[in-house]
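Take a look at these structures.
Same chain, two partners: chain A is paired with chain B first, then with chain C.
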Partner chain A sequence: MSFINYSSREINCKIVYYGPGLCGKTTNLQYIYSKTNPDVKGKMISLATETERTLFFDFLPLALGQIRGFKTRFHLYTVPGQVFYDASRKLILKGVDGVVFVADSQVERMEANLESMDNLKTNLAEQGYDLTKVPLVIQHNKRDLPNAAPLDEMRRMLNPRANPDFEAAATVGRGVFETLKSVAREVLRDLKQMGR
Partner chain B sequence: MHDTQLVMYDEDFRKVRTVIQKLVRDANAKGCFVVDRNGQLIGEAGEMQGIDTTSLASLTAGCIAATCGLAKIVGEEEFPVHFHQGQKDNLHITLVAKRIILVVIFDDRSSLGLVRLRVKKAGGELARVFEEIQKKADQGDAGGSGTPFAEITDEDIDNLFSV
Partner chain C sequence: MIASCPKCGARYRIERSRLRPEGARVRCSRCEVVFRVCPPPQQPAGERSEAPTSAPPEPPAAQQQAAPPEVVIADSDVALGSATANTLVAWGLRPIVVHDGVDAILAVQRTLPAIVILDAALPKMFGFQVCELMKRNESLRSIRVVLVGAIHHRDRYRRAPSDLYGADVYVERQELPEALRPILQELGLLAGAREKTMPPPAAPPPVEPPPPPAAVAPEGRPPESEPAAVAAPPEPAPAPAQEAPSRDDSLAEQVAAAERLARIIVSDVVLYNEEKFAAAVRSGNVVEALRAELQEGRAHFQQRIDARVRESKDFLADELLRVARTRGSS
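Our next item is the complex of A and B:
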């Protein structure tokens, strides 16, 4: 649910990074945080366990610039990927404008990817959102690892509707900004449709 | 998927601001914040300039979301009032009209009883303001060809990232 503020001429959009445990959602936000100018970013909040697994969410506000005289802000959230945190994931998804699905390219994580995608679909549907209509970008992360599955196979399994997708290695920043730009673009296009 | 989109105009803001400025005075509070359930700050009043309001808004929304989740588990619809007591400052959080969160920060110049009383009244007023906003949105005033977003070009979007 974007929030358009005609008084301060701002538009706020919520983007959620989704995906199985340890796929690299938090790493995406950390990289974005480390590479953006101080005047663009706000404080990054991480509600995490002692072992740095996301417990509730990570939050990073970005003020990107202006569109047609409106300050454009993106609020980036990650969900906790571990299966048993499902209740928290549902809460974070509320009011989402766009989703980045971060997939873990390692062959042995393919089932976890599918399960998480399924879980995303269910949790969106519970709020009356349709996965096929929500602005969605897919990131194939951990491409740097030797046990990464072939890209076509990942696409076939996780991206049947040919949404924008990117290969990434979030730890070194490969593909991170491409993914962010793409989801921002999808969200703004969605907003534009609504403006008709 | 935008059925709950929040669009606010100047007049709406003035109304919100008037209510919370009065609340700060009447409740002897340090500050007061209105936050959307999804974590976006809508308005603020009081003497708390300079605090990180973006984080405040997002954490408040997370906190409300979590406790509302808890409420459902124990069979309540929601826990509409939350109170956090600190050494110096206290936090009073209420859910208004199921959609807006009202946060009041106060110290020993005020009291929980006073804050609770004033929040009740201000909450009712805010609920009416947001009902009107919702009504306007339902009538289709929101969005529409009047918004600047209908004309967004791909170039506009690319320019955002040229920084």
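Our next item is the complex of A and C:
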């Protein structure tokens, strides 16, 4: 549900980074924030409760062009990943336009990946979204770790519909912008289709 | 009492006796953000009008000498925002006007105003999202929120404010700024206002019960009280009897699901508390040492797993011990 600001002629799109705890969602956002031109990005906001944290920032990529004379502004969010912070995840998913699912490639986190993907599907459905229709990109993060599961196996478990996916090592920036560009492309395509 | 920083989450022990009824400003030593700490509401509401603090109450004259209360106005319409601000200045208040949701959150975090007037359809981040985030944050929760909606959705928005994203009061755009007068008067923010209090702040959005308070404070800041034991919620009535074979299968599936959820919860707890877990494994008391960290997981576990399955064993403690044994032997 993108928000259109007619006075500034901007379409605001919300992209949520989803995934299990400590999978690298915040690392993705921090890397994007550090590498984005200060002139086109907003402020990074961190909202913390006693134990969980939400990060948010917005930026306006100028190179992605316009839709019917409107610029597109992207708002990036992360959700708290621990399984028990579901209320926050539901809240942050409201009005989402695109999702990046950050999977932790470590073998011992496969179950947490699957739980988080199921939870994403459930929480989207509660708001009337269908996971198969929402722009979704999957990032297989932590590929640089020695205990990373084989990519084929991760794809089989987490990406049966062959959504765009990328290998990443977010701490060094590998795959971070490829993922973001891909989800932005998917969101824009979705918007253009809705406009027809 | 324990207060936590709205920005970085650092927790501080505050002597309740040093807090005035209207609260106090505290600077976080870690991130330097200033935030307001308010005393918890008194139990017997209505019996006493003033909190029994050791500090003597300020005389009314002294209160009037203080700086005018700050009000954050977040309105996408620049003209309406300015008009509302001008009115509030005339009423003796200090408005801070912003025009999008992001700036609204930043202004609220920075100034900790007495009240926030939020346009529901703010750019960048909707006003109701700002409201929900504020009401989920224990340091911002006590700030009153007036949510301003559009005239066109009169029927849709005519609900109790507490049902609507946790806002304290709801007004329509056409009613601004005059509709704010009784609200500000009730809060005691207008000169000559009667000392009357608004209803207590709305509870956070009723998505799920809030997690129990973390019982373990950072090093050097012991918790104020012992963590409460996890109280089991009222047990639902047992499901009607089903055919025996299918019930057995179903129970086995539920036990498997419970074990799976326990593995995920414990995995999260261990990942986020690596050092503490390692120390507890060495000293052989993991369940006791991570009791507070497991509490939120237990609440979530109780919500998702049927009581009959939960009663069979302590899934979380068993899983924690299993992981501890695995780590200890490696």
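Please note the rule applied: the second predicted complex is superposed on the first by the 174 of 196 C-alpha atoms of A that agree within 3 Å, B and C clash if a C-alpha of one lies under 4 Å from a C-alpha of the other, contacts with A are read in each partner's own complex, and residues count from 1 in each chain.
Criterion: a residue touches a chain if its C-beta (ideal position, glycine included) is under 8 Å from a C-beta of that chain, and two chains touch if they have at least 3 such contacts.
Not measured: the values here are computed from a predicted model.
Q: When the two structures are superposed on chain A, do chain B and chain C clash or fit side by side?
A: Chain B/chain C on chain A - steric clash.
Q: Taking the superposition on A as described, I'd like to know which of chain B and chain C A:E115 touches: first, second, both or neither.
A: second
Q: Given the touch rule stated above, what does A:N141 touch, chain B (first), chain C (second), both, or neither?
A: Neither chain B nor chain C is touched by A:N141.
Q: Regarding the shared-chain residue A:N12, is it in contact with chain B (first), chain C (second), both, or neither?
A: Touch partners of A:N12: chain B and chain C.
Q: Where does A:S46 make contact in the superposed view: on chain B (first), on chain C (second), on both, or on neither?
A: second
Q: Tell me which touches more residues of chain A here: chain C or chain B.
A: B
Q: Examine A:Q82 and indicate which partner it touches, taking first as chain B and second as chain C; both and neither are also allowed.
A: A:Q82 sits against chain C, while chain B stays out of touch.
Q: Quick one: is A:L91 in contact with chain B, with chain C, with both, or with neither? Answer first, second, both or neither.
A: Touch partners of A:L91: chain B and chain C.
Q: For A:F3, decide between first (touching chain B), second (touching chain C), both and neither.
A: Both partners, chain B and chain C.
Q: Quick check on the superposed pair: does A:N28 touch chain B, chain C, both, or neither? Answer first, second, both or neither.
A: neither
Q: Once the two structures are superposed, pull the chain A residues common to the chain B and chain C interfaces.
A: 3, 5, 7-8, 12, 42-43, 45, 47, 56, 75, 87-88, 90-91, 94-95
Q: Taking the complex as given, what residues does chain B use to touch chain A?
A: 1-10, 12-13, 36-40, 42, 52, 54-55, 58-59, 62, 65-66, 69, 142-145, 147-152, 154, 156-157, 159-161, 163
Q: Where on chain C is chain A touching in the complex?
A: 4-9, 11, 76, 102, 105-106, 121, 123-126, 129, 132-133, 136-138, 205, 207-208, 210-211, 213-214, 260-261, 263-265, 267-268, 271-272, 296-297, 299-300
Q: Over in the complex, which chain A residues touch chain C? Could you list them?
A: Against chain C, chain A makes touches at 3, 5, 7-8, 10, 12, 20-22, 42-43, 45-51, 53-54, 56, 58, 73, 75, 81-88, 90-91, 94-95, 108-109, 111-112, 115.
Q: Which residues of chain A touch chain B in the complex?
A: 1-8, 11-12, 14, 37, 40, 42-43, 45, 47, 56-57, 59, 61, 64-65, 67-70, 72, 75, 87-88, 90-92, 94-95, 128-130, 133-134, 177, 181, 184-185, 188-189, 191-192, 194-196
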